[in-house]
Amino acid sequence: MANTTDYKYEFFNVSFPAEYVAHVEINRPEKLNAFMEIMWLNLSAIFKKLSHDSSVRAVILTGAGDRAFTAGLDVQAASEGQLTSTASDAARKANNLRRHILEFQDCITALEKCEKPVIAVLHGISYGLALDMSLACDIRISTHDTKFSVKEVDIGLAADIGTLSRLPHSVGNHSFVKEIALSARVFGSDEALTHGLVSHVYADKKTAVDEALKLASLIASKSPVAVVGTKEIINYSRDRTIVDGLHYTAAWNAAMVQTQDVQDAMLSGLQRKQAKFSKL
Amino acid sequence: MANTTDYKYEFFNVSFPAEYVAHVEINRPEKLNAFMEIMWLNLSAIFKKLSHDSSVRAVILTGAGDRAFTAGLDVQAASEGQLTSTASDAARKANNLRRHILEFQDCITALEKCEKPVIAVLHGISYGLALDMSLACDIRISTHDTKFSVKEVDIGLAADIGTLSRLPHSVGNHSFVKEIALSARVFGSDEALTHGLVSHVYADKKTAVDEALKLASLIASKSPVAVVGTKEIINYSRDRTIVDGLHYTAAWNAAMVQTQDVQDAMLSGLQRKQAKFSKL
Amino acid sequence: MANTTDYKYEFFNVSFPAEYVAHVEINRPEKLNAFMEIMWLNLSAIFKKLSHDSSVRAVILTGAGDRAFTAGLDVQAASEGQLTSTASDAARKANNLRRHILEFQDCITALEKCEKPVIAVLHGISYGLALDMSLACDIRISTHDTKFSVKEVDIGLAADIGTLSRLPHSVGNHSFVKEIALSARVFGSDEALTHGLVSHVYADKKTAVDEALKLASLIASKSPVAVVGTKEIINYSRDRTIVDGLHYTAAWNAAMVQTQDVQDAMLSGLQRKQAKFSKL
Amino acid sequence: MANTTDYKYEFFNVSFPAEYVAHVEINRPEKLNAFMEIMWLNLSAIFKKLSHDSSVRAVILTGAGDRAFTAGLDVQAASEGQLTSTASDAARKANNLRRHILEFQDCITALEKCEKPVIAVLHGISYGLALDMSLACDIRISTHDTKFSVKEVDIGLAADIGTLSRLPHSVGNHSFVKEIALSARVFGSDEALTHGLVSHVYADKKTAVDEALKLASLIASKSPVAVVGTKEIINYSRDRTIVDGLHYTAAWNAAMVQTQDVQDAMLSGLQRKQAKFSKL
Amino acid sequence: MANTTDYKYEFFNVSFPAEYVAHVEINRPEKLNAFMEIMWLNLSAIFKKLSHDSSVRAVILTGAGDRAFTAGLDVQAASEGQLTSTASDAARKANNLRRHILEFQDCITALEKCEKPVIAVLHGISYGLALDMSLACDIRISTHDTKFSVKEVDIGLAADIGTLSRLPHSVGNHSFVKEIALSARVFGSDEALTHGLVSHVYADKKTAVDEALKLASLIASKSPVAVVGTKEIINYSRDRTIVDGLHYTAAWNAAMVQTQDVQDAMLSGLQRKQAKFSKL
Amino acid sequence: MANTTDYKYEFFNVSFPAEYVAHVEINRPEKLNAFMEIMWLNLSAIFKKLSHDSSVRAVILTGAGDRAFTAGLDVQAASEGQLTSTASDAARKANNLRRHILEFQDCITALEKCEKPVIAVLHGISYGLALDMSLACDIRISTHDTKFSVKEVDIGLAADIGTLSRLPHSVGNHSFVKEIALSARVFGSDEALTHGLVSHVYADKKTAVDEALKLASLIASKSPVAVVGTKEIINYSRDRTIVDGLHYTAAWNAAMVQTQDVQDAMLSGLQRKQAKFSKL
C-alpha cells in the first residue's frame, strides 16, 4: 500500500481505497473546489509521484462536497495574483504571460503524463478547469446532476490550459465541440454521453465514485506492464499517423512483452484465478 | 451594423438579423440551390469580407426555399464549362484539373478561414457540396426532413472539394464516415446526430434557423477576442499533436489575454449585466 | 467473376456471391476462429490479391460458425511457436520480437491497404484480433449477440497488432476507447454503436451478412475509380492536416477525374439506368 | 512568347529574354530596391500570372542597378503606413497585426507556389526581404560583392515574412543559420557558399545574370511536365517524412508520366536533337 | 560467415570480404549496370535477407566495371515492358502506374529498411537510379571520376523512385538540390562533397572500395545492438520533431541498453582489446 | 548585472563577463569535465534560471582546462550508480530505464529551451555528451585541436540523450551524420566545418572563447524581444512544414512587434548610436 504521508497537501485528500488504487480528491468544497495557483502546482506534484509509485496502478480524481467537481479557476485569487506585472510594453507582458501559461499547462498535463490511468468523476458544477483536467485524464464519467461548461469565453478568454487542444482529440462530434467552446453554455450529462465526452453517467456522486473505484480496481488487477503500455501507446497513436503508431508500438513492445506477466496472466487465465504481478 | 450594400451578390442574400450576426442565404431555390462556379467564387468573397468585418461576430449559413440547402454542384453547368479544355495529353489535362480543384477548394475553405464562427443550417436536400461546405463550417444543425448524401461517387468521382478530408476530422465514427462516402446513400438527421455529423436536429427549417440565430446571437454577445481565439485554437489543435496545440495556444494567448475584455467580462459577470466589447 | 481457384487457403473460404463482391470467411470454427501464424499470413496474401483483382470492387469479411467472429490469437499455438528463441540477452530478444511484431502488423495492415473497401461483420465472440482486424477494415457492423473485448491486457500485453493505434482514429469517444482498452471488459453492440465503433447492429448473423452483402453490392455498383479514390483519400486525410488532405486530393483527382466513368455515371443518372464501368 | 503588356508594373520590369524564360527585375534602384507595400502586392500578382502562363517555364529574379538586390523593407514607408491603427487594446492590435503579417507572407510565398522554378540572383546589398524572397525561390546564386544580412533583429523584430521558417529548411548548417539570424551581421558570398545558402558565386552581377539565364534556359528546354513535377515534389517532400514524400510522388506521377513528353524526350535523346514540348 | 549460396542472383555479386561485412556488386557492366525490373526486385530480395542475416553487420554497395556505378534505368527494357498496358482511360492507366511506382519504390526502400548500415561507393557514370539507390543508403562516397546526374527530367519525368523525396533530407544546400534536380546537369565529386551529397571522395574506384571496406569493417567491429539502433533512431528522427525523436529513442533504448554488449564494450575498452559481440 | 550568488554549483562556474552575457563553464577539468548525474541536473537548473533571468540575453558554454570540453559521461560513476536496479524482469527494467533516459534528456533539452541563445565553444576532447549538449545549443564553434566523437557505439549504445535526434536536424550532409554516428571515429574541426557541424573554427581555446564572447555581446546588444523570438521561431520551424512555421510566426509576432524596441531600434539606427532596451 502506498504511503499516505507522502501525499499530504492542504487542498487535496489522497487515499488508497483498494489495492493499487489511489483516490485524489480536490478538497476546497467551501469554494466549490475553485483552483488557486498552489492547487495546480500541488496537483502536478501529486500526479508526478503517483506516476512512479509502484504501489499505484490506477487513480481516480474526484471533487469534495456535493456541489461541484470544480467551478474552475478562482477568478478572484487569480486577479489578485496578477497585480505585480511590471512589464514595460505589450511584448514583454506577452513574454511573461506565455511563461505563465506554459507552466500552468504543464501542471495539468501531469495528469496525461502520469503513467497510470486516471479516471475523472465529474459531478455538480464542472466548469472551466474541470474540462481542462478531465480531458487530460483517460476516462471521464459523470452524474445526472453534472453541469458542464467550457466557461472561458465568458471571462473574455480562449481556454488555454488544454481544453481547446484536447477536446477535438477526445470527442468525435466536432460540431458539438465548437458549439460548447464558442458559446460557454451549460450542458448536462445526457449531451456529454451522446456526443462522446463521457463514457458513463450514474445516478449520483456516490454511485459514480463507487463505479469508478470498481473500474480502477479492475484495471489495477491487470498486469501493470500491459496497462502502462496501453495508455502510452493510445496517447502516442492518437496524435500521429497509423503507420507511426504501429512503428512505435513495435519498439515499445519489443521490451515489454518480455515481461513475466505474460506467463503469469496466461497461467492464471487457465487456472481461473487472479494473477499476482510484480511491482512496476 | 454591417453595411448590406457591401454584400450584394446575385445568388446570395446577406442580411444582419441581430447585433453582430450575419445571415448568408444561398439563393437559387428554383435550382435547389445548386452551385455554379460564380457561386463558389462569391461565397468565398463574402466570407473573406465577413472575416474582417468588425460589425460581425457570428454567421449563419442557410439555403433559400423549402426544398434544399443545396443539391450540390450544378452538373449541367459544370459539364458545359469544361468543354474548353485544350490540353494535349493526360498530364497536361491533369495539371489544368489540379489548378481548378485547388481554386475550388480554396473557395470553400474560406468558410473555415473566416475568423468568425459559422453555423450551417441544413434542411431538405443536402447533397455533395452541402457536405463540403457545412464541414468547413464550425457548427452543423439540421431538420427532421434533411436528406444528406456524400453524392460524388454517384457521378464517378471521389469528392475533392473537402468532404473526404474534413469528414474524418469532424465525425468520430469512422465506420459511418466510410459507409456514407463509399455508398453515396441518402441518410437522415437521426443518423447524422447519432454518429456525430450534426449537434442538433429541429422539427423544421424555421425552427432550426431561429435556433441558429439564437446560438449565433449568444456567441456574438461574448468577447470577440475570446471567440476568434477559440475557433482558431480548436482548428489548429484538431490537426496537430496535443503538445503542439498547447504550445501554439500559449503563443496566441500571450497577446490575447491582454485584452480589456477580460476585465469587462469579469465585471459584467459580477454585476450580472451584459458586457459591451470593443470592435475587433 | 474472380477465379476462386486463385483463393484456396485452408483456413479461409473465399467466394464471390455477387458481381464484383468478394466474401472472405475465416474458417476455423471448431477453435472459435482463433488465429495461428499461417492464418494471418494467408489473410495478407488474400487481401493483396483482392486489392489488384479487377473482378473485385468490394469485400466482406466474416467468421464461420455461430459462435465467434474470432476469439483472437490462438494462445496455445503462439506459446509453442515462441519456444525456439535463442537470443542471448534482452536486447537481442527485443530485436527478434520487434521483427515479429512488424511482420504481424503488416499482415493485418493488408486489410487497410487493400484498394477496395472491406466490410467486417462481427458476431459472437469478437476478441483481440477481432478488433485489430476490423479496425483495419473500412466499415464495421455487428449483431445483437456480439461480445467485443480488447482482450490483450488480460494476457499481460498492450495490444500491438493495431488496435491501440487505430481505435483513437476510428472512434470519437476517447473515454470509451481508453476504458475498453485498459480494462479488457466485454461489451456489446449497444455500446459499440453508441460510442461509434460500429455503424449498424443487426438481429443476427444471417441478417448482418445479408446486409453487408447488400452494402457491398451497392458500393460495387459504383465507379471503381471513384470508390478506390474515396477510400484512399479518407485514409490519407484521417492521419493528416486538412490542408494536406486537400492538397493530396487535388493531386489524386487530377488523374482520376479524367475517367470515362464520370460521363457514364452522369448519363446513367439522367437515363435512370445502371451504369457499367470498365474494370480497374 | 509571353505578352509583356500583361506584366506592366511600376516597380518591376518583366521581360522574356529567351524562349520560355521570364526575367523579373525589381526596379527601384534609387532606393536600393527597398520594398513598399505596393511592391510585394505586385510581386505576388506577377508570380501568380507567371505560374499559369504557358509561355513561361523558368524565371529569374534580379534587382535593378549596381548597388543592391534589395535593401529590404522601406522602413520609412512602413512606419508611415502604420499610423492609422485604431485598435483599442493590445489584443485587438495583435489581431490586426496578424492579418497584416499573414497577407505579407502570402505575397512572398507566391514565389514558392509559382509552378515554374525561380532563380534568384543576389548582388550588392541583400538585406532582410532579400532573404525572405530568395529563400522562397528555388535556386540562389550570388556575386563576389553580395552583402547578405538577416537584418530584422536590428530593427527590434524577429523576421516574420519567411526567413526564419525557410532558413532551417534551406541551409544545412544550423549553427550558421542561428548565428546570422541572431546577430544580423553582414556576411559575404564565401560564407553563403560554404554553409549552403547559395549554390554558385560569380564575379559580378552581369556574369551572374548571364549564368542565371543560361541555367533558366537549360531548365526551360526540358519537359515542363517534368520540371513542374520536380519542383512540386521536392517542396512537398522537404516538409514531410520520406514515406509521405514517396506516397505523394506516386499519386502525382500516376498522371504525369502519361505525358507525351516521355516519348518525345526519349526519341530526341536517341536522335541527339532538342525535343519540342507542348505548352503546359 | 554468411552463406554465399543464399545470395545467388544473375545481376548481383554478393560476397563477404571481411568478418560481418557483405559486399553487394551490381553486375551488368556491359550495359553500364543499367537496371531492368528483375534487378530491382533482386536488389530488394538481397537486402531483405541481409537485414536479418546475423552474419552481417555492415554492407557496401558498388557497381561492377570501370565505367559506371549505374547509368540508371535501362530505358529500352523499360519501354518494351510497358507495351502491355490495356487500361481503358487515363484514370485506369494512372491506377496501374501508381501500383507500379509504389512497388518500384518499395524495392529501393529496402536499402533504407535494411537494419544494417549500407555504404554506397559511386564511381563513373552515376545517373538516375544511382541517386535513388545511394540516397536510400546510409553513407555515400565517390571517386574523382564520378559523374552524377539526377537524369529523370531528361526523359520527361519527375524522378519518382526516391531521389526527390530523399535529396532534401540528405543534402543541406537546397539551392543545389533544386538546381541538379531541375536541370539534370552532370556534376562531379567536388560539388557533391562541397554541397553535402557525399562525405568522402577518393582518387579511384579501387581506393574508394578499399576505404569503404575499412569503414564497413570498423562499423562491423562495434556492438550490432548499438549500430542497428543508431541507424534506426537517426532515420526516425530525420523525419520528425526533436521532441518525437527523443521520445522514440527512450522507448527504443529501454530495451536495447539491457544488452550484454555494454559491459563487454566497456571492459574491452579498459583492456584495450577488441570486444566480441553475440550475433543479432 | 545578474547575481552570481544565484548560480553557485560545485561543477560549474557561472560568470557575467559582459553586459547581459553569461558564461557557464563546466568545471571538472581533472576528469576531462566528464559528467556525473549531479552535473546534468545542475546544468538543467542553471539554464532554467538563465532562461528567465532578465539580466541575461546571451550565454556561452565552455569547458574548463586545456584538454577537453568534455570527455562525455563519467562511465565509472554511471556504472556504480546503476547497481541498485531491482527490477524483476526485462520489461520492468525497461520501464525504469525509460524513466531515467527521459529525465536525462530533459536536462540536456534545457539548453534548447533556454529562451536566450547559447553558444557552445568546443575544444580538445569533445566526446559523447559534448555533442548531445552542443547540438542542443544554438551556435557551435570549435578550435584547431578539437577532437569530436559521437562515442556511444563504442560503449555498446545508440546515443540516447539527443545527438541522434538533433544531428540530422543540425547538419546538412547526412552521409557524414551517419558515418560519424555509426563508426564513433574521432574527427577534427576541418571536417566539422566542411560538413556543417560548426560555423567557425579558431586557432586555440582562448581565441575561440574571446570570439564567442564578442558574438554573445553582439547578440546581447540587440532587442531581447527580437532575439528571443528569433530563437523560438527557428526552433519551431526547423521541425515543421514551412506553412506551419509561417502560421506560428504570425501568431508570435502579433504580440511581439508591439514592443517599444522597434521604435527604439529604428531611432538608434538613424542616430547611429546604441539602443538601450528594457529588460525582458
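Letters are used for the chains, namely A, B, C, D, E and F, taken in the order the chains are written, and counting of residues starts over at 1 for each.
Just so we're on the same page, contacts are C-beta pairs under 8 Å (C-beta built on N, C-alpha and C of every residue); 3 or more make two chains touch, one makes a residue touch a chain.
Protein identities per chain, from UniProt: A, B, C, D, E, F = ClpP/crotonase.
This structure is a prediction, so every number in the text was calculated from the model and none was measured.
Shared contacts of subunit C and subunit D, meaning chains that touch the two of them, come down to A, B, E, F. For chain pairs C-F and B-F, the one joined by more C-beta pairs in contact is B-F.
Rounded to whole angstrom units, the spacing between the C-alpha centres of subunit A and subunit C is 33. A separation of 48 Å divides the Cα centre of subunit A from that of subunit D. Multi-chain contact residues of subunit B (touching two or more other chains): 90, 93-95, 169, 171-173, 196, 225, 238, 240, 243, 247, 251-252, 254-259, 261. In terms of inter-chain touching, the protein chains here all touch one another pairwise.
Residues 236, 247-248, 251-252, 254-255, 258 of subunit F touch subunit B in their complex. By the touch criterion given at the top, residues 52, 88-92, 94-95, 99, 225, 228, 255-261, 278-280 of subunit C touch subunit E in their complex.
Considering their complex, residues 90, 93-94, 243 of subunit F touch subunit C.
The part of subunit D that touches subunit F in the complex is made up of residues 75, 79, 90, 93-95, 97-98, 101-102, 105, 109, 112, 152-160, 162, 164-169, 171-179, 181-185, 194-196, 238-240.
Touching subunit B in their complex are the following residues of subunit C: 117, 138-141, 169-173, 193, 196-199, 215, 218-219, 222-223, 225-227, 229-234, 237-238, 240-243, 245-247, 249-259, 261-266, 269, 277.
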